[in-house]
């Protein structure tokens, strides 16, 4: 039995509070167990220099933790004057994942800035960020639809993320909290679409390795967990969830990329 | 009449939610109208090099805004690789103010790190930060008392802050929200103790000036507002508020500095 | 009695040497007791991006100390690769103060760069910088008048600054030299116009507080000192001083901002 | 058919030149098709602060490209004053991978610095770096054995890496060169041990996704390619390869970590 | 006798391998004894801002060492976030030297980026860089000639560099390897044209001095060595060497600058 | 005839004002024509890490210009957050030159910080800095002698610097002012000891070259100018000049390095 009496294939309780901060076009507070992340999506009416004139938009993400989101206080990255390798990896992952389900051509020459700020950390902050950021981005597009800036929701599918791992005793588990994460031999983050396609797999055996059968078990657990996560996103999004479904159907019919 | 139907000497609604984040020794979410700031106080068991061996403690503050706390998204200071002059001014002000009411000798060679992170901004973020940070710091000391690390609450008085200003039509007002702040001819921040002594006065007439009578009116408004603020802090602190009162009485009797 | 046999309301000897460096449009060496600051004003024929197209000009200030301007050598900020919070506060203060008496519309889309470099420090370097910078800026405008680049001196009033404070024994004093400054319980910088309006008040009780009556006494001392300072500026400026007086009269008549 | 007439499961020609640079404890030049990377391993007789007193060693990696290793010249990261997110991701990956097969306890409190400098890039620089760095690190340990600084080769298994991907037409291929990499819908890097365990899987569908069957095909291709790579490493290492085999056998017998 | 049995006026063996890296317009690997430097010349179709509209081109150089090019590993300058004073001096020297023999007007508004990356260091890296960079730059121009982008080779003369010095026993020697360089009392770098004119003389007596006769002897040795170096460059350049000779003759006739 | 009616072998008027700033151990204002540099020497009671335990001292120099020391205002290096290549070259040159005539063993484990701050620039700022810094350093040692911290003046000879160059018409001249410097084809800085030995020669033909006879003429001019400069230093130093002479005689007798 895991701490919190969780089963090996059981997610922590997840809550998504929409419209959390008033200024951004899309904003949510996502809570996964004791992990809390504010995800804000801001729309800017231009794209970075390398995309100008392409007619396409761009999505970029930034990730940070409040200094005391963790057990020990971390030095603020603005004070150190540079962003750590870990932060860069995470923000590149979030941006890449979101771009896989958003139709960048449909948003025109606009940039979506996604800010994921961890208020409280207890493991799984990067996957919570992706799950929450997806909802924030859809909300932002929903606002552009209301204002007639966009004609159509430029989102082709749901997108969620969770972690799986292997405990020292060899048990594969779903959704690691900090205490589990810090002792796990393998740590794997899976980003998937609502249709069950992979967007990103990042599996690491820090000072350890893992076998093909272990990989298969972990992929199965992730799949189960993500089914649950897509339901929670669906509830948070209301009508916008249906618009995504419709886009998905159209795409399947027309065989879009 | 001001927007929100406020009177010229009327504060916005203030709420202080204690123990907001779980890891820090002291943590509050302070809400002043639409302005929201997370104030976390962390205790570290050592002091900066220039104070080692002094037997005294230190309090230092950091301040930041989420990129989309404001109407327009701001570039994250960690991405720019440096902290702006405005941020530095504010964090120096918060630290200096707190040190005025905390007895640094009684905390031993420890550092209190105060992190004020603005989640949503609508004017007055620096004064809200001071008001909230004071409560977070007292809560942190309260925790050290419970663990018998400290014998006595090392806080001599209450500490709060508010802003006053002069509107273009010459009216002096209390507690400026963003819309007022951006047009005001004079902007003044007042930090005061519960006994009505000044800790800091910062008055600025950006591209304008102000007269002695205007200064006097503003000081009066600040005084009124701060009476209200001390009551709200008192409610948030419960028993710890009484311990501060006792320290204050002792000090008046013994004439301590 | 204070060191140097000064009375509590007595300034240190002040000298302003005009045209000190040959290249800048305006240049002075200001000496306040043992404090010496070179103030250079440079005119650039464009404004920062956020003001382009506004038809208005801008004034920005930079402040630095030679590494050995002080008793102990300080590390050069260019070597550290960043500007300290103290430096940023001071340069923001100098710029803001100057902008309060200069008519930015009359200078057109030009930037005035004010460089205050402290050659020797003995307390009061920021107030000496403001007092000296005002003269340098007026001299620079005087040169633009001679060259017919400006038609009218764009300066509405005199501007000076001084410090006041409270010694440990409770005495309020004017114009603190370093030895006094380092022990004072309260340190307050006052920036005023020639007509006696406040431009900026910054009063700090580092690890101490001050009362309303102490504030009033300090404001009175500052007022006295600044009367003296305006006379010294007037002498240094010659004919240009009269042009300022005329602008002031016109403004009072027309009720300009 | 792929460019260069390669089959879908065919690696580019790989060459490993040992002792390439004279100063490092271990040094190789690895060539994978047109990709060339110098991998140097340096031994330092101390560990980073967070490991002092642990009795264990550490391996850390740095990665860089010469500015003109690529088709277009890149700005040197030392000139920009900061390391890009991509570089950080790669150097974290290289270090983590090597630590999975090295017994850090057996190297004592020493740091192995691995420098991977790309002289010429044509796709697959990060996987070539890992494959080459493994050989350089083993050579470095071999030198410590000769000097009797180590008693035993602290390496438990071979370690290699390669890339797999999916072309726009849906074909899964092994070992992508630049031209293929730039159009692939999926890009996956696999790091494996000589015994066929995974050390790291990083699969990314940038603006695309991939299915479970595609994942399985790609894992199979990687496996095939890595068999080949381990043979090439074995040839380059000579006697040291046998010492690794012996460690592997012992570990299997004793069930080491 | 010197180590390696060299005579005092004897260069180390020099080899120049042309077209070493495939992407740059010009690329060589120069080997001087145990010192190895990759010199790449890249052509960019624009000039830095200060030269725009001048019709002239520019040459700029960057220099770096692999961290383990030296006996002890050096921290990578990109990790330190800044370029050292030594590196800056060297890259300024390389750029300046090349500009002395290239006709910047003839290359139009283009920038030649010269990258000198030291793979292995054993003294004389900056002079080897200049000698190699000259060949790389000529090769790059040769490529522009072939593509008809340039009409004429814009190079007026050969350019080479070597070092001379004074050993502790007072002997003047040519081409110092690291062991000699580290004990020499005087270290002098000489950059010369094929016609025997000086481009740059940098002589330093670190914690020592040198006399006029010593200077004369050193200049003579440098002259001898450079004769040899120009022959090696000539061999490496083939037909392009003759084109330089022709330019030189024309210039002598017309008295060009 | 040169501007200012100077002869080709004529220095500009030089003045050295000693004890210019009150805090440093040694301080001068050197004026060479219109070039003015404050040179401060500070003594610190420890050496940099790489010299600890050596029993020897160290001299390090920093150089900067006030932003408006020049015709056009330069951006402050502290604002840019990095020191330019030119500045680094100059400060390395100043430090190296001073170390050639100071006996580092005699100063014990102390660091001499030399700060050269250019107040007004008109060519020759680096050579004026060396000439002035030498006097400041000797004054600083003089103060340590008075306080009995040193027993003996640790200076073996005089040290001065000047520039020579070649005008576009081929004339070799001494001590270039800015107007001459900006058009000269060759610019050479010579640092010499009072006994006529070279400490440093840096000759550069930016986009030009120079011949052996031109070099000889320039060296002769420099020699003449430096004779004059040593007389001016001698006057400024008074008794301390005689102490240097005595050290020089002793050294010649004992043949010290």
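For clarity, chains are labelled A, B, C, D, E and F in written order, and residue numbers in each chain start from 1.
Keep in mind that, in the parts below, contacts are C-beta pairs under 8 Å (C-beta built on N, C-alpha and C of every residue); 3 or more make two chains touch, one makes a residue touch a chain.
In this text, all values refer to a predicted model and were calculated from it rather than measured experimentally.
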{"item": "Distance from chain C to chain B - Cα centre to Cα centre, in angstrom", "value": "29"}
{"item": "Distance between the centres, which are taken as Cα means, of chain E and chain D, whole angstrom", "value": "35"}
{"item": "Inter-centroid spacing, chain D versus chain B (mean Cα positions, whole Å)", "value": "52"}
{"item": "Set of chain F residues in contact with two or more other chains", "value": "81-82"}
{"item": "Graph class of chain-chain contacts, one of line, ring, star, complete, other", "value": "ring"}
{"item": "Ring order of chains, beginning at chain A and proceeding to chain D", "value": "A, D, E, F, C, B"}
{"item": "Residues of chain C touching chain B in the complex", "value": "82, 84-86, 88-89, 91-92, 96, 99-100, 104, 188, 193, 196-212, 215, 219, 257"}
{"item": "In the complex with chain D, residue positions of chain E that touch it", "value": "21-24, 27, 34, 38, 40, 42, 44, 62, 64, 66-71, 73, 76-83, 87, 113, 115, 117, 119-120"}
